[in-house]
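These notes are about the structure you will find just below.
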Amino acid sequence: MVKDSSTKRSIPWIRLSMLMVFVGAIIVIAAQVLDQKLHYVGEDVVPGPIVPGTQYPDEKFTGIDVPQPINFSHKIHAGDNEINCMFCHTYARRSKVSGIPPLSKCMGCHTVIATDKPEIQKLTAMWEKGESPKWNKVHDLPDFVHFTHQRHLKRFLFDNEELDVSDAKRVCSMCHGDIAEMTVAKKSRPLTMGFCIRCHEANEGPSDCTKCHK
Amino acid sequence: MSSLFGNILKGWTDYTKGIEEGGHHKYEHMWGMVIDLDKCTGCNACSVACYAENNIATVGEEKYKARQSMQWLRVERYFDEPDIDPGAIDDENAMQERGASFLPMMCQQCNAATCEPVCPVAATYHTPDGLNAQIYNRCIGSRYCANNCPYRLRVFNFYSYTDEDGAWPEPMKQQLNPDITVREKGVMEKCTFCIQRIRAAKDKAKMENRKVKDDEVKTACQQTCPTQAIMFGDLLNSESKVTQAWERQQVKLGKYKQDRENPKLRGYRVFEELNTDPSVLYLERVREE
Amino acid sequence: MANHRKQNHRIFGLFADFEQAFEVIAGIRRYEVPGITVDDVRIKSPIEHPEIEDILGERPTNIPKFAFVGGLFGLVFGFFFLAGAQANFTVQPQGGKPVITIPSNLVLAYEMLILFGVLATLAGFIIGARLMRKRGPFYNHAVSLDQIGIVVERIDDTQRQQVRDLFARHRVIDVFEETV
Amino acid sequence: MSQSKLDRRQFLKGLGLGGAGVALAGCDLPSYVTLEQGEENVISYLAPDEYVIPGVGVWYASTCLGCAGGCSIHGRVREGRVLKLEGNPDSSVNMGRLCQMGQATLQSHFNPDRIANPLVRKNGSLVEASWDDALSLINEKANSGKAAWATGAISGHQRVVVETHLSAIGGSNHYAIEQINANVWQTACGDIIGDPNPEIHLDKAKVIFSLGADFLATFISPVHFAAHYGEFRSVPRGTLIQAEPAMSLTGGNADHWVGIKPGTETSLALGVANALMNKHGISGSGISNATKSLINEHDPATAASICDVPADRIEKIAASLAANSPSIVLAGGTATANANGYSAAAAALMLNQILGNIGVTITSGRELAYPQLGLIEGNSANLKDLAVDANKGKIDVLFVSGTNPLFLAPKSIKMDEGWNKIGFKVVLSSMLDETASAADVVLPLASSLEDWGSHIPAYSTGTRNLALQQPLMEPVFSNTRGFGDVVLGLAKQAGAPGLDEYDDYYGYLRSAISVLKKTDSEKEWNSFLMAGQTPVPSLGRKLSYIDGKISQTANTATDGGLTLIASARMGMWDGRGANLPWLQESPDQISKVVWDSWAELHPKTAKSLGIKDGDYVTIKSSNGEITTRAFIYKGIHPGAIAVPIGRGHSALGRYAKNNGVNPLFILDGGVDAKTGEIATAATRVEVKNAGKNKPLAKLMEIDRQHGRKLVATISADKQRITEGGT
Amino acid sequence: MSEAALKHLSETQTKDIDENIAWAKINQDVLRSMENPRRGYWIAMAISVALFSVMIYAEVYQYMYGMGAALLNTSHMWDLYISTFVFWIGMSHSGTLLSAILHLVHADWRKPIYRFAEAMTTFSLMTAGIFPVIHLGRVWNFYWVMPYMTDRGIWPNFRSPLIWDAFAITTYLTSSVLFLYIGMIPDLAICRDNTKGWRKKLYTWLSLGWHGDDRQWRNFRITYLMIACFLIPLAVSVHSIVSMDFAMAIMPGWHVTTFPPYFVAGALYSGCAAIITLFILLRYFFKFEEYMTFPILDKVCKLTFVIAMVWTYLNLVEFASVWYGHDIPSKEVLLAKAFGPYAPFFWGMIAFGMFLPFTLLSKWARRNMKFLFVVSVLLNVGMWLERWMIVTPTLSLGYHPWGWNIMWPGWVEWAMVGGSFGWFGMLFLIFVKVFPCVSMYEVKEMVFHRKRTIYEDVDEMMVLHKGAPTAAEAGSTNNGGS
């Protein structure tokens, strides 16, 4: 029975408009709650290797395999032999860059250890020639980003009474992933600005642009 | 969604606080400067030091002539003395009796900066250090900020200076300061009070769990100034020399008109009356009449 | 009552003379065809006839309400959107100005009001005017040119003849019928 | 030793130079593009010292060779690159401050136009050669005939090796050439008060009356004097009176700037002395009658007429000198750059004498216990001598380093003819300047930031220090060698005795200093390097005033035309700054012109000549003409036209070449009567409008403040009321 | 049309429209105007495309060499780009605003001309939108001014008038396109019924199945009314916001309270002038003498004159407020405009903008096509100069004397300005061939209602008393359609 005339139909306009206002308001409130959860509550943030007292977004990223002059195995060093990250990357706690260990450091052990391995022989050859290997940067931030390892280590490792220096691995893995399971390092976190920002918000890090951009 | 609506319900009043608190946040520092125009000899060392410290491009004669120069710190020179001898400059036959007047002008780091609100992408904003920051990688080059700067102290990368025929042919590239981004074409830039030095000092202080000491931060211009006409420090630190100098001159931040019981004091801020509230205090030049 | 009848004929008359067409409506209004009310009449015209509407009776539209709601939503959403964005973007205090600046947000919310208002109006138009669906029966190009058509719906055989006569009396040019 | 040298070099092997490349990727691409992997390289250290940390700057002390001042500097080294120079706060020369030339030394170090390889002249043109070829060529040519060395100001052990080499190749003449110097003043001081380099205490003075001495920019040790000027200006504030024909930087900062007729400074000084004696009852103690009579001839009115200065101005000067003691009177720059230069200096000292400043603000300096290490300041008289001797054929082999005679020499002294008469010319230089490009062999030098050396600063108070110069980074151009190394090598191959034990200059320097300091411990040595300087024994002098040196005050002839003043500027200096973009683009302090020369004219003169600002003017002297653009202002005497020295190179790299004009070319041969200094402020020139106009590239297009409160000026009296001081 | 005929027409044509014009003829004329373009059309198109391609070249050049290519400098960070932007925004105001206002006041003489006026609005907006983008130093990041969500949690700065511009222009463009389109739907239906091939497909799709029954007409009328109501405040706000780019700034000569109304008036002014220009062109090229009649032109001219006077008044107010104010820098800027190096352009603006409109007072002028054409173009030149004189002199004479210098735009900037006209022309030329540039149905309404007003009494009599009319009466009331 198609009797078409809008006179018959009457829509509750006032109520509808009120509804719209509520929708707007509810969206806002919902956003508040969601916001609280995302930024300030740790549950729905999956932590990597636990760093006590911190939450950070555990975003995965599959980097490309970057070839290196010497096929250095983090697994053997950091993983199996549990050498502290900062034993080789010794500058991390003193400088903005973590630094590549100087050749002398490698030779410190490898004059005696595993000298028969081909890679080590490569290394030794270089040392004798007095030239350093030309490593390729894996975790390479844009040049307008000034990240400092020093401060982050202080915040998460040295000022963290639940950790001691031997747990450096955990802190490093926040941004570098589980390097101890890799041979040559491979990017396993996005390291985008969003990644940084979320972590800074979750751990009340500074939100001032000039901390990183100058 | 979260970052769409966020937490406006929390501390709404915080967010709507006005100028009297200087924005919503607590200032960690308020970096300020004092420049004694009587000591300044206009020798330009500061300007060159600034070029060296901050990777500023040299543009060459033609572009300089077209007023596309890039200096962050310019030492202006005037030949008239309105306060002592107004008529002198108009007398064709007279001599330049009392020399010239020199004025080093770097970004005044205004606390009510006119450049900040107009930036469409918030590339320039006020830091908790009381600095007027410029985030190069956010800048889209609308140049509104420079138009709105009464001091004309913002410079724009009208060209790209990074290629081989630019400002740094090899091996000059090697001199570039890694702590500072090299600006690409289409980006606004300006004096930052050597923010990289401030950052370094603050990080150092944090590593040692202490506050930044007075004189721990020296800007490039201040450090090189042969007559030490430039003083730099934290205006929130009551011990700092700068704070004392400001108090001695009875000049206060947040005012566009200073009420001083002694009008003969030498301290003044350029274009203070525009209520830009600059952080650079100049001490009047002194000359025998 | 008209709406209880089962008849389902439609008749469509095409008139060259607008005055005559109005006469037909006037006639129907004077119940010259028993059982047919103006509610059963629709006209198709190349131009709009505000003056016919008082004859055809008040037939309100919902468009203003669409506009109202749309505008209101634009205003609310606009303001909260901006305020929320600013509140999240707290790294940009500027020259001692508050983070959420009412005046500028009002300016922008005002623009949003108009934008959503206009969009809602368009939606209202498309819904209310039954656009973007199959074109109705009896469409004739002449209507888009210079002739006016009158559709009388829901009539039975007896009324059909009477309507035809009514049309004829007012010099109808052409008559179409159909049964649905 | 060589071992420690290896270590020294070792740490400089950086984390690669990726840093610069990195920074240059710039900020214009969205971040996800620059978040790249494996695009950039890192070269790790080999075996770094403990204190070397990538990403953290290390400061190394060295010495600035921007001018003869010898300021101590700290260089910030990061990832093996020197990034920034600052003054060394411990230095008694510059107290941690630095001038623009010091800052810009970096660019002479990283300059793209540096010579990378030795050059040897083969059938007319310079072609690259290996060091061995170059040295062997020198070896066969150099030892035959009369040899000579031409250097700039030189001191310390470089001087020693140079002289060793000179004697080894049987030469005797060592021409130390510095266009910008205080030779006249220093000679006068030597003659009159018995100390060529007395200590000048600007900070103690209440009034400085300077006859053309541009102590803020070009006088002996600018940074040092500028630092003292700062104290001089702080409460109690002193008064600076500057008398000179064309405004220098110091004049620009004067309380009273007296635009005086060129060459009449002596008369002004005498006039002031006259006023002092007759009006203010200053007794001319120790003044000979001859001088007294000279003074009496110059009552203020006469002096005024001679100097073209209002008489009351002279009275005023005398008054403030009399009222505020101690004061100090200096002479230099334009005042001493004319035939009467010496008497101007003498007159200045006479004023100091009658004002009783000698021993108060002018006190005795100390002289080095080892004169062979002392600084040879160098002067332009030597330039003339070089030309003359060369023309006389007295020179067959010439070694040049640290100076640029072909650029500095006026045409009138016929340097280029002389140069061509010289049989064999070796130039040691890091830049291919005019002289180098006219040489037979060019040996590429390391920059001053890559080299070892020891220097005696031109001026310092208290104990004399030996300023140490050490490399701040690996050579940018690997095939360059340090000055010391080269000269040492030359000396060795010339058979100089006792050098064979040193395999390089570092070894020589180190052992020499250890002898000097009587210690050979690594620790001591490192402490010297850390301090950047080390005190050396010195003997005091005592001052005694000998009068009667004011010979005559006759003024240069005032025939038609103007007096050309080749003014010295901090920045371009004597031309060595012209290849540094930072200095080219840093505006001149007074005219604010960049990237070009200009000719200063007084508006009155300009009007009479029909010249407007930015007009091209042709300046014609008896020795040719130059054309540059006019800058019209009132900081110059109407009878003078001033063109700055330093631009107008025909070589010296992309930034300097064909940029501006060189006023030195057209100087006539006039010299200072006593010292033989080339008179740069005494050449008569014809000036006419060349008919073209193109505004100068300037920082300022305006000269006045247009009612804005930009530079507010308060009168000194008011300032004294609020801030004290007399 | 011949000279004599034109002259004759200009004397005889006294009615807005001849109500006895046959409806079929209306359709024919308008549809004809959309078909087989003639040579003149192709020439115009060629010129437009040429200009536009020059603009493209200039933009590429500027993109590669940086903004320096435009000879901008430290004092003149903005120049022609922004002034031309303001100019085009101004252009965009006439169409919509006039159409909407006149619609609300039931001025039916707008009906033959509002269509192309609204098209002009849309296209000048699309032109204006180009400029803020090309004047960016890093144009490839222009989208950063849009408030979109990003994981960086950064947003545009909503305080910035430039962002207000972005919002306002987007809104205005959307709304005015809709206004234009909705007003066009019945005509599109007509086109649908009278074309074939791709055009038929297009119009079928666009006309949304319009079949003109009373329900559609009713909704249509209300919709149109509503959008008109929305557009009037919108149009006003848009140009006020554009004016705030300047009024919100601190610079002397920009920081003026009267700028918003001043800009709006200027916008209407230039818009009306542009309407006159296009009116004459269309009338000439498409032989629309019967629709775009002299009386209508006459009305437009009078309107233009009135608005011109409003603008003049506000202009003088601005001068006065600066002159009697105590802000020395602003006063300096004013003096520099009048007597400085930019003086010729300033006085040109005064002459064209303030004095030329007085010629519109004479009937002869209002009836003389050629003369009017020249005048209307000159008025717009004046308005363009006005925008330039707002932007540039202030920048050459700011607070700090260091920044004082004179700067003349280089070829790049001129190419962009010229190219913008090419772009506009291109769009407009395409429009007139694809869409009816005279509203057919509304002209019909116009005719119809004018007739009804004449025969009203007769109708009354017939309907109420006599019943069916006689053949004779019917003939007399025949609307000439069949």
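For clarity, chains are labelled A, B, C, D and E in written order, and residue numbers in each chain start from 1.
Convention: a contact is a pair of C-beta atoms (placed from the backbone, for glycine too) under 8 Å apart; a residue touches a chain by one contact, two chains touch by 3 or more.
Since this is a predicted model, take the numbers as computed values, not measurements.
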By mean Cα position, the chain sitting nearest the middle: B
Which of A-D and A-B has more C-beta contact pairs: A-D
Whole-Å separation of chain centres (CA-atom averages), subunit D against subunit E: 68
Distance between the centres, which are taken as Cα means, of subunit E and subunit C, whole angstrom: 30
Separation of mean Cα positions, subunit D and subunit B [Å, integer]: 32
Between subunit C and subunit D, centroid-to-centroid distance (C-alpha), Å: 91
For subunit D, residues contacting two or more additional chains: 22-24, 26-28, 31, 700, 702, 704-705, 707-708, 710
For subunit E, residues contacting two or more additional chains: 138, 141, 151, 153-155, 157, 159, 163, 399-400, 402, 405
Per-residue overlap in subunit C, given as positions that touch at least 2 other chains: 59, 61, 80-81, 84-86, 88-92, 94, 97, 128
List of subunit E residues in touch with subunit D within their complex: 138, 141, 328, 332, 399-402, 404-405
Subunit E-facing residues of subunit C, complex: 16-20, 22-23, 26, 42-50, 52-53, 56, 59, 61, 63-64, 67, 71, 81-82, 85-86, 88-89, 91-92, 94, 97, 101, 104-105, 107-108, 110-112, 114-115, 117-119, 121-122, 124-126, 128-136, 139, 141, 143-147, 151, 169-171, 173
Complex interface listing, subunit D residues touching subunit B: 17, 19-24, 26-28, 31, 78-79, 81-87, 94, 96-100, 102-104, 106-107, 110-112, 216-217, 222-223, 226-227, 229-230, 233-234, 237, 239, 242, 247, 249-259, 320, 476, 570-571, 581-587, 589-590, 592, 594-596, 603-604, 607, 633-635, 637, 659, 695, 697, 699-700, 702-705, 707-719, 721-723
Subunit A-touching residues of subunit B, taken from the complex the two chains share: 1-9, 125, 127-129, 131, 133, 135-138, 179-182, 192, 195-196, 199, 203, 206-207
List of subunit E residues in touch with subunit B within their complex: 65-68, 71-75, 77-78, 132, 135-139, 141-142, 144-145, 149, 151, 153-157, 159-163, 166, 245, 248-251, 395, 398-400, 402-403, 405, 407
